[in-house]
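What follows is chain A paired twice: with chain B in the first complex and chain C in the second.
Right, the complex of A and B next:
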């Protein structure tokens, strides 16, 4: 548990202020409807670069829905309609001229359940590169090693890169999915409850990894686990019923919540 | 009893008995076909019957016991009483002498205790006129008797082998070499007609064509001479004389002998060897005597070629249709209508597909192709006549629903998370489908193909209309470029069964062949399926831990 201590000590020693941050994503008055039902209500927020921002809140509060807006995964659902603006480095994500595939290469995503493709470990990691028609064997090899090292998986799998990815354990599979996502070097990494299907040891490994990854990526993480949010994130947003209730640096939110609703939630009175 | 009923046990018994009945039926059917079919290849014992006719004459009948039937005969004194009297069907062979191969004898006319194995009998299988059942008497070469009695056998063995070798050589030259030359000449003729039609057949090309044609003709004549020599050689092998039942004699030219055997003197091992030899001949030889004898090789080739071609045609069509319907099409009344139509297409009687194939593929499509590309060949049609391509296409259409439905099921089973995984890495929907979803749906696609293969290989009715014939002069695949001849007519095991069983001039002789061919058809379908199932299992193994 030494690792965990290290994170919390660091995040408490440096006072973070949103005003001092470089902004990666800006959300302006964002509304989302499933048919006629409104799931996100007028959300506005600025997400800082090279930081970990956590989204917490009870089930159905819209945190995953919001996360899926950043790489337009909600496009897959026919009944969804949206209003407002999401700017990724001042570029409108939902603009008509946006190439969605290119957007998703810039905004990578890791899902709740590990979803490796039924291919070899190597092919899983370089899948995104192959999509970009990168065929140079050396580039592929180097990137795969870099990504697997980045995902803390290299030492475990370096001798069996040709094995089927499905032969890995759940925790390894999830780290493989992270490696797969970072292999295409996105600007932003979306993590949708990445540890909810994992055992405590694997969870710890992924959390350590998140801490490492924020040096290179802007990380947005949805989690049900408030301790996890407190451990890994620099900023935390608390959402409730489609509203952004409170959004500030993690320390302030957990030690000194401004709103009663937030306090009730983090102290476990509901949710 | 009541509590037993209340527990619902009787339903378990009911359903279990339904399963048992099905299993018994399936295995009973297979066992019967296998028994009757394989029995055909076994060297049967030949018996000697002394038949007493009503006029007091005694007739000797020598042959294999083929079948037994009970005949109802009225009692001589009382019409009310009916006796069941067994009648025996004896295969006597010697068709050229007796007129028919088979003879019924009534058990009342023979003394069953006196029936004995015909001692030292020889059965000679001939290329024409069926088998001879008789005793070897003498063997003549060039008019001189060189062996008599027991000694004939060894000499005959030797000569018959030479005869078979010559026969094969002749067949090879006729079919492959001369067949190839004929094919080239025909191509040359069509090419010439084509150039003539286009008005480009000038004096120079004419000279070229003439030169080619002369070369081919010369080659043809050379081979013809070679064949003539082989024929002369075969003719000079001599002839063997056998004494048959009734005291007559049959003389058989040795070049006519396929093989001969003495069933009553064979050891068990020799019989087993003969059995497998016969199966080998059945699989590799061409049919003879209006399909009632010989092998089924062209039908095997035809069936397998047609099925494989059908698979190649139906797979892309069915898979692409399924992809569109389950991945792209918007759910609505139109899609539902299309789904219902496809499901119902599977229930349309196959002969209807045959009619459609004939009307649309052969006449309209084939006719148009002929008009457009083969106008010079007129009036003889090239594609405007039933053939392999149209038969395969018709079968592909017939099996299309099965492939579509099972592919759709496979696609819908791929977890959403994997599609999202692909999309999240920047793949387009098409890339995700092609690289992730479709490979994982291959086991389901294979299931569809297995069902399609089983159906197409066993179908007869539509094939009769779109390309299958009783006897095809050439195989649909051979050594002449382009190796597969899509416009050729072909033979098919299913139709062969129908033809041999019901259109044959010699019903009794062909009956065992019907069983043997049926067995072969089942074996071919099962092995095609086993191949597909093995591929499917390997694919399943690869994707097995998915979705849990």
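Right, the complex of A and C next:
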């Protein structure tokens, strides 16, 4: 008689641990002020490479503000002042010598509302490449196809690349914006509420895309939707009034948070 | 619902997790089947070595239940399954509990062999109820096989046959209990051994109960109907309509 075989289930036991990860961005004692009002308070965290990290928290907690620090979008607001350090692969993002345009090529961003340019689908995707003076038709064609495939849009638009991007549905437009963002092959992709303007099916399509994209990019996502954070992210950070309350792997945060404040927020007992 | 529905979500992650859960139940079920086969072999051959292995193996079955629970919790917390997916999670949790308890009952059978084996055939084998013990255990083994096949096919078609087999087991068990009770009276000096046989008989009968529970979970999964605690007549009518 054959012997007894042990259970083979291992896949769900290999829990993620931040200390085992390669780090893409390190935030050190980061403070941000809008005039005299402090919006981010002494934030320190390490954001792992090729993972999806979600930022959750109530409106005004500072999650979008923090996200916009990673590619210095807050520079566009006059009253903003910052303290501390943000390192992108050990390079100081806020150094005087940092070329902000180059930084934004390395750290791409997709916004809440799809914002395609009133141009063709093809031109939208290769817009960033043209800014980099890439003219080679073959390179452009290949990159557009790669980015649209990456954004899971290629099959839907491959026969109408010359159509105006505004003719696409909301969900397709948002995936086009993601294609445009990844076409320049950034290291990090910032997603600020990327599905809040989309229907549930398009939302799931974008979430699935996020899961696939992390193989090539480090993804940071801000979302109001806790369930979305639970579905798509590997790590989750819960913020409240400018503080980083709890930051850990998503499994732990959603099944056994360490702090009562986090538990109250994710279980809808807040306030 | 059909098995292919587990892999038809937009979210591949959810597809993978549901498929994973499904396969884990089949794997755990296979483990319990093997454990039961070995317990039957230990009973039939009074083999203490196999019986000890059966008892040791129970740890792995307990572990499997805990791992399946962990995955269910993760899927519930992170993917918010609904409709048939949610039923799969609930059915999976219940089936894992029943399989784990089957493992415990199988251990009781193996312990009977360990307790009475003295480098010679188990003395209990000569007493009333022992033949029925092997009979009930064999029938329960068949019931488990039928339910696991039903789970693999995501089909409640065989539910009726499980119900019939359960009735046979109940009758054999009732007769065996009667015989053992008679023996208590006739041979009170064998009380220790007879009590052990009684305990093992109860364990083997519980195996068939758990197999029936698993079938009820499969009906819930497939039909969305909770048939637990339904009286025999209503349940039969419901199953005939399937």
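Note that the second predicted complex is superposed on the first by the 256 of 271 C-alpha atoms of A that agree within 3 Å, B and C clash if a C-alpha of one lies under 4 Å from a C-alpha of the other, contacts with A are read in each partner's own complex, and residues count from 1 in each chain.
The definition used in the following text is that a contact is a pair of C-beta atoms (placed from the backbone, for glycine too) under 8 Å apart; a residue touches a chain by one contact, two chains touch by 3 or more.
Here the structure is a predicted model, which is why all the values come from computation and not from measurement.
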Which of chain B and chain C A:227 touches, first, second, both or neither: second
Which of chain B and chain C A:250 touches, first, second, both or neither: second
A:149 touches, of chain B and chain C: first, second, both or neither? neither
Which of chain B and chain C A:17 touches, first, second, both or neither: neither
Partner chain in contact with A:89 - chain B first, chain C second, else both or neither: neither
Touched partner set for A:158, first chain B, second chain C, both or neither: neither
Partner chain in contact with A:201 - chain B first, chain C second, else both or neither: second
Residues of chain A contacting chain B in one complex and chain C in the other: none
Chain A - residues contacting chain B, complex: 71, 73, 76, 101-102, 104-105, 108-109, 111, 113, 115-118, 127-128, 131-132, 164, 166-167, 177, 180-181, 184
Complex contact set, residues of chain B against chain A: 415, 417-418, 420-428, 431, 435-436, 439-440, 542-546
Complex contact set, residues of chain C against chain A: 9-13, 20, 24, 27-28, 31, 34-35, 37-38, 41, 50, 53-54, 57, 60-61, 63-64, 67-68, 70-71, 73-74, 77-80
Sites on chain A touched by chain C in the complex: 1-9, 11-13, 201, 204-205, 207-208, 211, 227, 230-231, 250-251, 254-255
